[in-house]
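Have a look at the structure that comes next, please.
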Amino acid sequence: MKLGYYPGCTLKTKAANLEVAAMAALDHLGVEYKELSRWNCCGAVFSLADDDLIHQVAPVRNLIRAAQQGCDTVVTLCSQCYNTLARANKMVREDEEKRDTLNRFMDEEPDYNGEIEVVHYLSLLRDEVGWEKLAEAVTNPLNGLRVAPFYGCTLVRPKEVAIDTMDPEILEGFIRALGAEATTFSASRECCGSYQMIAHPEEGRDRAAKVIASANRSEADALILSCPLCEYNLGTRQDEVIEYHPGLNQVPTFYFTQLLGVALGLDPELCRLDLNGPAAQELLIDKKFIATAAV
Amino acid sequence: MDTATLTEEVAAKTIPIYIMGKRYEVPETLTIMKAMEHSGYQYIRGCGCRGGICGACATVYRRAGDYKIYTGLACQTVVEPEMYLTQIPFYPANRASYDYESSQPVAETIYQLYPELFRCVACNACTKVCPMDVEVLDYISALKRGDLTAAAEISFDCIQCGLCASRCMGEMAQYHMAQVARRLQGGKIAPKAEHLEKMCGDIDAGTFTDLIEAAKVMTVDELKKVYTEREMEPHMGADEWTPASNHGLA
Amino acid sequence: MASIPSPIHPENLKAVNKIAEISGQNVHECMQCGTCSAVCPMVESMGFTTRLGILYLQFGEIEPVLKAQIGEFCASCHTCVVQCPRGIDVARVFEAVRQYVLRTNTDLIKPQEIPKDTMAEAPQIAFVSTFRKLTS
């Protein structure tokens, strides 16, 4: 497998806390990869209009870049990027006419015929590393930590690109491999509000409140997720959401890769906990999973 | 052909071109700009340095039997038979007002000034139309992922002609965004050129004031004498050459 | 031979066809079970439920659906898609409703009106997805 890593716009700045520990973990676990050297924004959402091809150009162009750079598989961390790239790839593979039109339109690029495989980092962990091997590599088990596994939408819908079945266990398997406890919380596959937090902030907050309430009911210490927009809605804006919905309890949010980094015993600086709210670091220090706060 | 010994006039070979839909016969060796003037157009707009760097003469053209859009600078591009052209001397482009001094050298500054940056759909029409071969999509991508430095470097050759904005599906003015990136990179991110700062300090300290005041009252002949007799680095000299006189510089 | 009159008003046929073309879905397959409404995370913000929205669309009545802002509040979460017992891609139907407006060069949200603080704070994907869904 010639694995290419596609970061996406957000991971280099706002969501560095999703990326840094993740790539260090791949090195630590012996998974070889190469970060794509040239790429553009994938578009974040898959165009659902049947007659629309221009919005497919962005994700497909990235798959062309991956092929140009000698990859046969592309892994990504951002759930939205995963969903968009995977669905675009499937469309190219299955619709000959659209594939032909896209290749004609992108006449400045080599043709693309679906050669690349698109995977999410969690699938890579499960399939290339395995939960057993991951558990063996854990030197700092997160025993006693109750973690709510938040899938959100784009990892599990639609079926054609879901990283697990409609009753997924992949995050639960991941959490247990780290030595933590996965809570059962009803909103685990509900929408965080997505772009509605920008378009209609009040309604976005209401949606986020429902997810946080559900995490509270499951008595979770923490909530993990895989998408910078989920983290923004449920994490960065959590204080504001709670302000508008009194009665909710604070539940620190983490990218799953941050807990991965901590459990593998990697340098906590790599986990970029400074980009989460202070509650996140306080929780980990409190439970003695890390010693001191990252600056 | 030895032009020094040419004794008879040779008529230039002409080719047909279409300027804004009207057919003209023009000498085949002319640039688009010269061809338009040859055809009787008098430039009051869409012409600037005539040297390929000011961005005023952006031209869009097609070739016979070819659906593609081609671009070039009128002052640099030689005419072709059946070329079908127009100039785009100006394309409306949203330009945000901002205070440079207080602007933070981060990509968020550009996100706030130009939220439409996120309307880019990576169609690449901008890159395809650029007459300076700037990788426009690449610098827009760099801005979206927060890399001001890369955006500044990639957009370096931009001459602000506006063709990218004219073709943009997202209705952005890419070149204005890149200019902010270059200004922030040059003035606030890139390491300062210490020798430049020192020179500015010397100027402010008055090191050259006397020289300049003296030059101001010289006659043209005196100035010429000073100029021709100035100390110059030898063309083929030793590698280690320093001026004998330091003119008051430390 | 007398033709069987269509319940769809001729003026609405154009809208019906447009929605079918853009979405690739046949809204007439909907049996009005209401599952999509039950699972929709944004339904409370809409003027009426997604189920009722599909019913209106079966008759080509786009205006009420636009007024109810179903397409505008939809978060494209796809829960309706995986739950619809008839296998209708409801997300595509409401994308078509959005496109029906957006393609008239009308924005459903104005990028310039997003607060500057939000522009500096929110992740890039938030803006990319918002503008792709709600601007033309």
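Labels A, B and C are assigned to the chains in the order they are written; within every chain, residues are numbered from 1.
Keep this in mind: contacts are C-beta pairs under 8 Å (C-beta built on N, C-alpha and C of every residue); 3 or more make two chains touch, one makes a residue touch a chain.
From a predicted model like this one, the values you see are computed outputs, not experimental measurements.
Contact tally for B-C versus A-B: the pair with more C-beta pairs in contact is A-B.
Centrality annotation: A (chain centre taken as mean Cα position, compared with the mean over all protein Cα atoms). Separation between the centroids of chain A and chain C, computed from CA atoms only, is 27 Å. Look at where the CA atoms of chain B average out and do the same for chain C: the two points lie 47 Å apart.
With centres taken as mean Cα positions, chain B sits 43 Å from chain A.
Each of residues 114, 124, 127-128, 130, 132 in chain C touches at least two other chains.
Counting only residues that touch two or more partner chains, chain A has 8-10, 13-14, 41, 43, 55.
Each of the following residues of chain B touches two or more other chains: 121, 144-146. Only residues 107, 120-124, 127-128, 137-138, 140-141, 144-147, 169 of chain B touch chain A when the two sit together in their complex. Contact residues of chain B toward chain C in the complex are 108, 111-112, 115-116, 118-119, 121, 144-146. Chain contact summary for the complex, chain A toward chain C: residues 8-10, 13-15, 41, 43-45, 47-52, 55, 78, 80-81, 153, 157-159, 166, 189-191, 193-200, 203, 206-207, 210, 227-229, 231-232, 236. Against chain B, the residues of chain A that register as touching in their complex are 7-14, 38-41, 43, 54-55, 57-58, 61, 106, 108. By the touch criterion stated above, chain C contacts chain B in their complex at residues 111-112, 114, 116, 119-120, 124, 127-128, 130-132, 135.
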